[in-house]
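Here the chain labels run A, B and C in written order, and each chain numbers its own residues starting at 1.
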Amino acid sequence: MDVSSARSLTRRQIMQACLAIGTGLMLPGCGWTLAEVRPALSKGNKDELSIYTWESYIDPELTETFHTQTGINVTADIYDSNETMLATFQSGKGAIYSVIYPSDYKVAEMIERKLLSVLDHSRINGIDNLMPEFQDSVYDPGNQHSMPISWGTTGLIYNTEALNPGPEDWEDLWRMQAKLNRKMTLLADFREVMGATLKSLGFSYNSTNPSEVRQAYQKLVQLKPAITTFTTDAWRDRLLAGDLILAMAYSADAVRLIQENPDANLRYVIPASGTSLWSDAMVIPVTSPNPDAAYEWINFMMQPSVAVEVTRRLFFATPNQAAYDQLPLPLRNNRSLFPPEAVIQACERIIPLEPKETEMYEQYWTKLTSG
Amino acid sequence: MTLPIATRTEAQAPPAWLQPVLMLAPAAVWLALLLVIPTGLIFQLSLVPGIRPGQVVNPSGLDNYIRILQPDYFPVLTRSLFFALGTTIACLILGFPVAYWIAIKVPKRWQNLVLLSFVLPLWTSSLLRSYAWITILRPTGVLNTLLGKVGIPALDILNREPAVLIGMTYSLLPYMVLILYASLEKLDRRLLEAAADLGATPRQAFWRVTVPQSLTGIAAGALLVFITSMGDFINPEILGGASSMTVARLIYNQFLGATQNWGFGSALSMVLILVVSLAIALLLKYGDRNAAGGV
Amino acid sequence: MSQAAIQNQAPTITDAGFDVELRKVSKVYNNETVVRGIDLSIRRGEFFSILGPSGCGKTTTLRLMAGFETPSAGDVLIQGRFMNQVPPYRRPVNTVFQSYALFNHLTVWENVAFGLRLRKFSKAEIQQRVDEALKLVKMDGFAKRFPTQLSGGQQQRVALARALVNRPTVLLLDEPLGALDLKLRKEMQMELSNLHRELGLTFVMVTHDQEEALSLSDRIAVMNQGKVEQIDAPEKIYQQPQTPFVADFIGDTNLFHGKIEGFYPTMLWVITESGLKVKAKQPENGNTLTSGAVVLSIRPENIRLSLAVPDDEGNSFEGRLRNVMYLGTHAHYQVELLSGDRVTVMRPNVPTHLPGADTPIFVSWSAQDCLALPLV
């Protein structure tokens, strides 16, 4: 047979083969579990501890002090969003970490997915030092899987010279839209952004009512031309440089920037109508290679003296009452770090949503960012 | 004395197909492990609506693909195409003169050095290069400072579409220059002499001889830039604004974002693969026409 | 210069019958002088060849005419107009390149139409002229083919058509037949000759093949190391070479170096370095040689062989037969003279009995066939 028909015969055979494989893949029954996470089979080196945390929670001094106290070497990897952390963890890379710092709603999710080991409270010192509101948590009843390490709010940090008077509530973003034009950023987290908008409309931060969510989306569409971009971290340099005059930010990041740049005329405000209250906690994943060292670390961080140092240096609010009492007065009275009770009452925690509801949010988010 | 030597060697000789198979085997295994099987897995995932990590994979239908057809997602695809086409055209317009100059005007002994200097940016991290553009394009950045000195009002480029195009073009320009250089370097100068002899001015010779002769290079460069920029995630993320959602970022959100919908993400990935394959097929067909004419 | 400026140049005061003139043209590359102050005048309608060994500067000379090179000194004129600063695309010449340089991204038809399209002829006109040109070179059936689908000979004809279709004043050909096999070359030589006669254009051809030059040209310029040694009609070049180089390069010859012993207006006596006393003819160009070193040239076909001493007054010397090369219609005999010189003799046919290696034989030639050439 001549070459061309021989070649086309092979091509046809290839197509048939592909079709066969394709249909084979479509058949149910060849079920495998996606990104399955299994407990560690072997223990790691007992003098090595690998932790996975946010950038503002760790610095070399901390690990040095720990090493001096316990002789354990600490390596830390950084993530900038809970989603990245979970994705890394699921991809199997997370199996090297013994301590992770998920946020509250992520802890709930990880508990549901059976990714966290139960904490043996008898091995942890200083649980009594925690502030009353942190002795128990709605996302992790009895703190069975997690130990709170920091907490805060989501608010607005702005340049007081450029905005005078400044914003006091979410609604001010829309009111001052002309002035804020292309000089403002919002968080890259669609729960936070949608939640804040829902709040400005008088709805719950966690609303799943389709009509309410739609209204929030439409309100955001109005604001969009004035938004430079959605970012969680990139606003810091630009706010200092003057490219931006307002950013939606987490209290820990905002307070840190203000404290480190006292001449920058920056102020952090917690919106009056209420915002999201977040807390981060230390957890030990089931895949942890060195649980003993993990407990050492948790105990270390729960020490009041350490908590005080950490708050003073890294500016995140500690849930540790004993530590709080030892803080210097200026820090204790910093209402951005430790807002008064009345403000806390107005806040909501972000609660995890059902997949269908998450998809609804995500679809609006896609529409918002692609229009 | 006649020994049946011929038949003996025939019986012992390995079959004719063995050598090609052995030579192709490493590449075939590599391709199978790293391309065919993963693509197959993604295809399988794309058939499960709403699958999340930790769940069992049970292919059930084309729901994910139907979802892509919703009007919400169309602007995302068109934006990606816009960025990809824009970057390709920009790279061609900027890259061709550079490649031409290096291949034809620069003396042979300097060519490699000059080429190297154009390709040098590739040695740095692409992420760093994109961040560098932030420093340049910011409202108070380098560009606006310079413009201010000349009295031109500041340009608001960063966090808009032009910034993304600039970032992408800058990232991919060295590749385009390299590919075009390879093509132009093989250009037969005598053809240009023949064109001049027949009455073509340098400009006419360029459009009627140089460009057609380098069409395969142009096609290859355009293909590379197009495919890479369709999948570019960093530049829209860093340099883009509130409206810079591209297919790459959408896929990212599905896998690494809050939605964790690996099924939808896989379906989007398959669509991306399809679009890119279409582009390849088109460009190859066009390049083939040149092959018929003889390269 | 603009096209208008070229046309408006008043022709210089020369014989307007010269299509191409080179006046004291030199070309220097990287401190190497490739063309040394040459003068050429090519008449309208001539078939002019530039002949020489590789590296003699003939291709550079052609390129100077085409405009691909600018002269380092001297002037290039085409139809009486100065062309030094004129780029190739404004000169009324077309070139057939040694490598054909066909555009492989265009069909044969489009290749030929290339020049016409640039000059914006009407579609009808282009169609007619291209078809005409293809028919002229017998390639009319190949219009839709691509150059890579053609053989060497076919490509060469397309290159010819592509040049001719523009009706240039002068057609330049750079070793056009070099890449073809012998039989094809002979065919193409015939076709070139016919074309030249039909079209009446001026042809300037560069070649290293002397047979080609001799058979096709009206006049030949022989070049060596950047200089023109002689310009003459083929017969004169062959029979009356004016320098040792030309004598040696054209055809086969036997050369003897020697000194003049005595002279007459039409004859002279020369003692060769090997001690032979030879009677030779004075050069035809009027240059009477009187003394000093000379080179004698005798063509092999002008030498006779005999077993007995010849009885005429010509030069005759004794020698021994060393080698015979049979070449079909004739044979070359290598004879070693008693003086030590080796002489090549060419005679038609081969006698059935050849003398042995020790048998004395005699070579002889008349003084009329023995040219004396001054050592340059």
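In the analysis below, a contact is a pair of C-beta atoms (placed from the backbone, for glycine too) under 8 Å apart; a residue touches a chain by one contact, two chains touch by 3 or more.
Every value quoted in this text rests on a predicted model; they were computed, and no experiment measured them.
Taken as a graph of touching chains, this assembly forms an open line, each chain in contact only with its neighbours along the path.
Among the remaining chains, C is positioned farthest from chain B, on the basis of C-alpha centroids.
Distance between chain A and chain C, defined via averaged C-alpha coordinates, is recorded as 89 Å.
Measuring from the averaged C-alpha position of chain A to that of chain B gives a distance of 34 Å. Taking each chain's centre as the mean of its C-alpha atoms, chain B lies 56 Å from chain C. Contact with two or more other chains is made by no residue of chain C. Taken together, the chain B residues at the contact with chain A in this complex read 40, 43-45, 47, 50-60, 72-73, 75-76, 79, 134, 138-141, 156, 158-159, 238, 240-245, 250, 253, 255-262. Touching chain C in their complex are the following residues of chain B: 188, 190-191, 193-201, 204, 208-209, 212-213, 215, 290, 292-295. Chain C contributes residues 66-68, 87-90, 93-95, 97, 99, 101-107, 114-115, 118-119, 146-149, 162-163, 166 to its touches with chain B in the complex.
By the touch criterion stated above, chain A contacts chain B in their complex at residues 21-22, 25-37, 83-84, 86-87, 90, 113, 182-183, 189-191, 224, 227-230, 234, 238, 241-243, 355, 358-359, 361-363, 365-371.
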